[in-house]
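These are the structures in question, set out in turn.
In what follows, chain A forms one complex with chain B and a second complex with chain C.
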Partner chain A sequence: MKLKKNIATSEEGFIFNPGTGDSFSANPIGTDILSLLKEEKSLKSIVDTICAKYDVDQSQFEKDLDDFESQLKDNGILE
Partner chain B sequence: MEKIRYERPIIQKMNTGLMNKFGTRTEYEPVTHIESVPVKSLINNYGSPLFVISEKQIRRNYQNATRIFKTRYPKVQFAWSYKTNYMNAVCQVFHQEGSWAEVVSGFEYEKALGNGVPGNKIIFNGPDKTDEQLIKAARNNSLIHIDHYDELYSLIRLSEENKLKPRVAIRINMDTGIYPKWDRFGFNFENGQAWNAITRIINSECLDLVGLHCHIGTFMLSPAAYGVAATNLCELAWKIKEKYNKVIQYIDLGGGFPSANTLKGAYLPGSDTVPSIDQFADAITDVILGFGFKHEDLPLLILETGRALIDDAGYLLGTVLASKRLSDGRRATILDFGVNSLFTAFWYDHKVSPAQAFGNHTEEMILYGPLCMNIDIVRESITMPLLEKGNHLVVHKVGAYNMTQWMQFITLRPNIVMIDTENKTHVIRKAETLEYLEQNEQIPKHLKENPLK
Partner chain C sequence: MNNKINHIENRKIVIAVTALNAIDSPGPGVAVIRAIRECTDFDVRIIGLSYEALEPGLYMHDLVDKTYQIPYPSAGTDSLLGRLIAIHEVEKLDLIIPNFDAELFNFIKLRDKLKEMGIRTFLPDLDQFEARDKIKLYDFGKKHGLMVPADKVVYEAKDLAKVAEKLNYPLVVKGKFYDAIIANTLEQAQKAFYKIQAKWGLPIIVQEFINGTEINIAALGDGEGNAISIIPMRKLYITDKGKAWAGITLDDNSYIELAKKFIKVTKWRGGCELEVMQTADGKPYIMEVNPRFPAWIYLTAAAGQNQPASLVKMALGEKLKPYTEYAVGKIFIRYAWDLITDIAEFQKISGTGEL
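Now for the complex of A and B:
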């Protein structure tokens, strides 16, 4: 999972794709994942970081992360 | 360090220029209690899905409706429409409040008798009454509402054969300005059929014409239509008095008052558009009081209101089975109840609330039931918080028609619980079991074995 290089994200969860002009909003956990992706963290590192911060078990989060990845793909945010 | 409450990650595309003037509707105010009973404990104790009925709300509705009519008109009687919800516990709440019974089939008639309703306080409607049922109703002095000529002539024959004089009314259909007209039931007013039937009854001398009945439709949004119906029935009652010197004892305007549910396709929610019972009462009582009857000849006004008295007393609790995304990216949430339990999902965009607190983020989704059928849709589009497997939901205003029209299809029908006026819970219908389902099945001998056994 790799963010397109030109995607702009803010700490408040605002996402802008200058290629298409589309903007998006993410919830706080979505924002956290996006910032980890910006830092080019591995999937394992994302899972560990989020599960340490949020009250969620790993399998639940992995399922939801798959879902989040498909949202990002559908919206043209991933490479 | 305490961990942060989890919700699944989402992103939402920001659109401009699409909102209507009312903004987007969201239904994320959590409903954690029904009356004072926690949803969580109801589901833990009685399972999911679960129908819940508030006795307090039924009584409130009934008392409110009777107050509205009785403060406008001196002689009013409600008759509980069994088909709307014939759970015996529900019927008994209405009967305790003073409601008669209005039934449309032989089995509903037996149910009313079983609930201790005296025969003379049962109104027997509908096009399907057998000879045996007609004789029984006549012997019990029930009010038989004749639907068609075949029934009229059957009843005349049965009365002569059995030396009975049943109390009858005829059902009358008419043009009240509402389309489609419900002209498949009863005798038509405009073409003179109703008057012919009245004449035939009075001339028969073995039927006692005591009332006139109409039921102009269902989920009626126009009080004026009831004004037209009341005018037509009063006109007939007046004519009967003039021509035959016979006083009609009651006028029965049937049911049809809407609840605050939102019909599919409606632009505004039902709670904002549905007329109040006061408006219907004004339309009806103004006509009868203004028609010119002598005080002693004023007919009893009977109302067979169903939906408006029970819908908001019923809730369906359920659980999220899964959350997924469809091929076009839309969110789909799969629930443990579908159109088999929530039959009214075919007609209404039911209000659905989460039963637990959520964050601020919401998303548009489709709510699907658990059936292996494409039509099993609870809501085609609804904005809800981010739902997860195991979350509970509350569907509102499901008291009418679901517990009578529900289908035993693919899943078994769930428990129904009533919360009494002291907030104690009682199972009023047990969840079905395979044993219950199969008790009437019979397998021919040659099919009892198979090689797979």
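Now for the complex of A and C:
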């Protein structure tokens, strides 16, 4: 999972795709995932960090992360 | 040292601008003037050229110094030239920037005569202007390797069925100047044909429907094949007439390359707007080429490439290098404003043709 180079994100969870003009907002967990993606962290590292920070079941989170990845893909946010 | 190029015989540059209307499908004139006034490289006196007494730009005295009514394009070039001579005697015009599709033919025809009078323009040649006409756009695209949807020019409604067989539904029924209606059946196509014929006359253009994201590109050519400025924009809010009420500048090199190619192959002189449909698989189709600045042209100045000001400089003989940078994510949001004036002003422009 790799963010496109030109994607702009903010600490508030705002995502802007300058190639299409689309913008989105993510919830706090989504925002954390995006900032980890910006730092080019691996999937495993994202799972570990989020599960340590939030009270979330790992297998449930991995499922949700899968969904999130598809949403990002569908909206042209990922490479 | 004064770097301003403001002193043509020690006076302000006098620029006449048309299309001061601003209904929900606004003319570009007010935006063009706003951008020109924002440029600090020259001082200007702006002369508005209007067709109707209720064009709001006439009453914007902080933007327009003086307005003269001019004859409708249908009155022909002689009538227009006569009026421009009279205006020029008083105002000593340096440059005219026409911004309406329907008037461009007359201004292009008068270009040489205006030049003899000392009035500059920065317009495409007649063959450049006509090659991108809606009626010829498909052939134009084919000739220059630009993707343009297939179309057919239709003069009679009975020919629609045959055309639809070739293009398939849905298809787009378009007027020669304006209007486009998507038709999903023969009945809808016929209805659209008569509706547009009644408004804009014949012929009607029937075009293949392209599904995708609509992108608009404002471009400025120097007449030698160089694109001085290119700004791609996506409409964020669209009115029921398909006009942008909000839009955002984009960062996508494919649009820049497309516009560069268009300017290069046409050697386009002046401003233009490419209406592009980007399909899901990334193919950019040119849907239409407007031979003048779009109404959203001020966004180019806001994004760092002031196209109207650059046009003024080139019209006055300056050689410009193409811009390379612009602000991505710059947004315009249009709004309507109830301008208040007095009956005396309305009476003046209506009665004397001047304000």
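FYI, the second predicted complex is superposed on the first by the 79 of 79 C-alpha atoms of A that agree within 3 Å, B and C clash if a C-alpha of one lies under 4 Å from a C-alpha of the other, contacts with A are read in each partner's own complex, and residues count from 1 in each chain.
Simple rule for what comes next: contacts are C-beta pairs under 8 Å (C-beta built on N, C-alpha and C of every residue); 3 or more make two chains touch, one makes a residue touch a chain.
Keep in mind that this is a model prediction, so the values were computed, not measured.
**Student:** Should the pairing of chain B and chain C on chain A count as a clash or a fit in the superposition?
**Tutor:** Partners fit side by side after overlay.
**Student:** Would you sort A:70 into first (chain B), second (chain C), both or neither based on which partner it touches?
**Tutor:** first
**Student:** Once the two structures are placed together by chain A, how many degrees is the angle at chain A between chain B and chain C, based on Cα centres and rounded to a multiple of 10?
**Tutor:** Value: 90 degrees, nearest 10.
**Student:** Return first, second, both or neither, reflecting whether A:47 touches chain B, chain C, both chains, or no partner chain.
**Tutor:** Neither: A:47 stays clear of chain B and chain C.
**Student:** Touch test for A:37: chain B only (first), chain C only (second), both, or neither?
**Tutor:** Touch partners of A:37: none, neither chain B nor chain C.
**Student:** Based on the superposed arrangement, let me know which partner A:6 touches: chain B (first), chain C (second), both, or neither?
**Tutor:** Second partner only, chain C.
**Student:** Which chain makes contact with more of the residues of chain A, chain B or else chain C?
**Tutor:** B
**Student:** Rounded to the nearest Å, state the minimum C-alpha distance from chain B to chain C in the superposed three-chain model.
**Tutor:** 6
**Student:** Which stretch or stretches of chain A touch chain B in the complex?
**Tutor:** 15, 22-30, 32-33, 52-56, 60-61, 64-65, 67-68, 70-72, 74-75, 77
**Student:** For chain A, which residues are in contact with chain C within the complex?
**Tutor:** These residues of chain A touch chain C: 6, 8, 16, 18-21.
**Student:** Of all residues in chain B, which touch chain A in the complex?
**Tutor:** Contact set of chain B toward chain A: 3-14, 323-325, 329, 359, 361, 386, 388.
**Student:** If we count contacts the way the header does, which residues on chain C are in touch with chain A in the complex?
**Tutor:** Interface residues on the chain C side: 213, 233-234, 236, 247-248, 250-252, 328-329.
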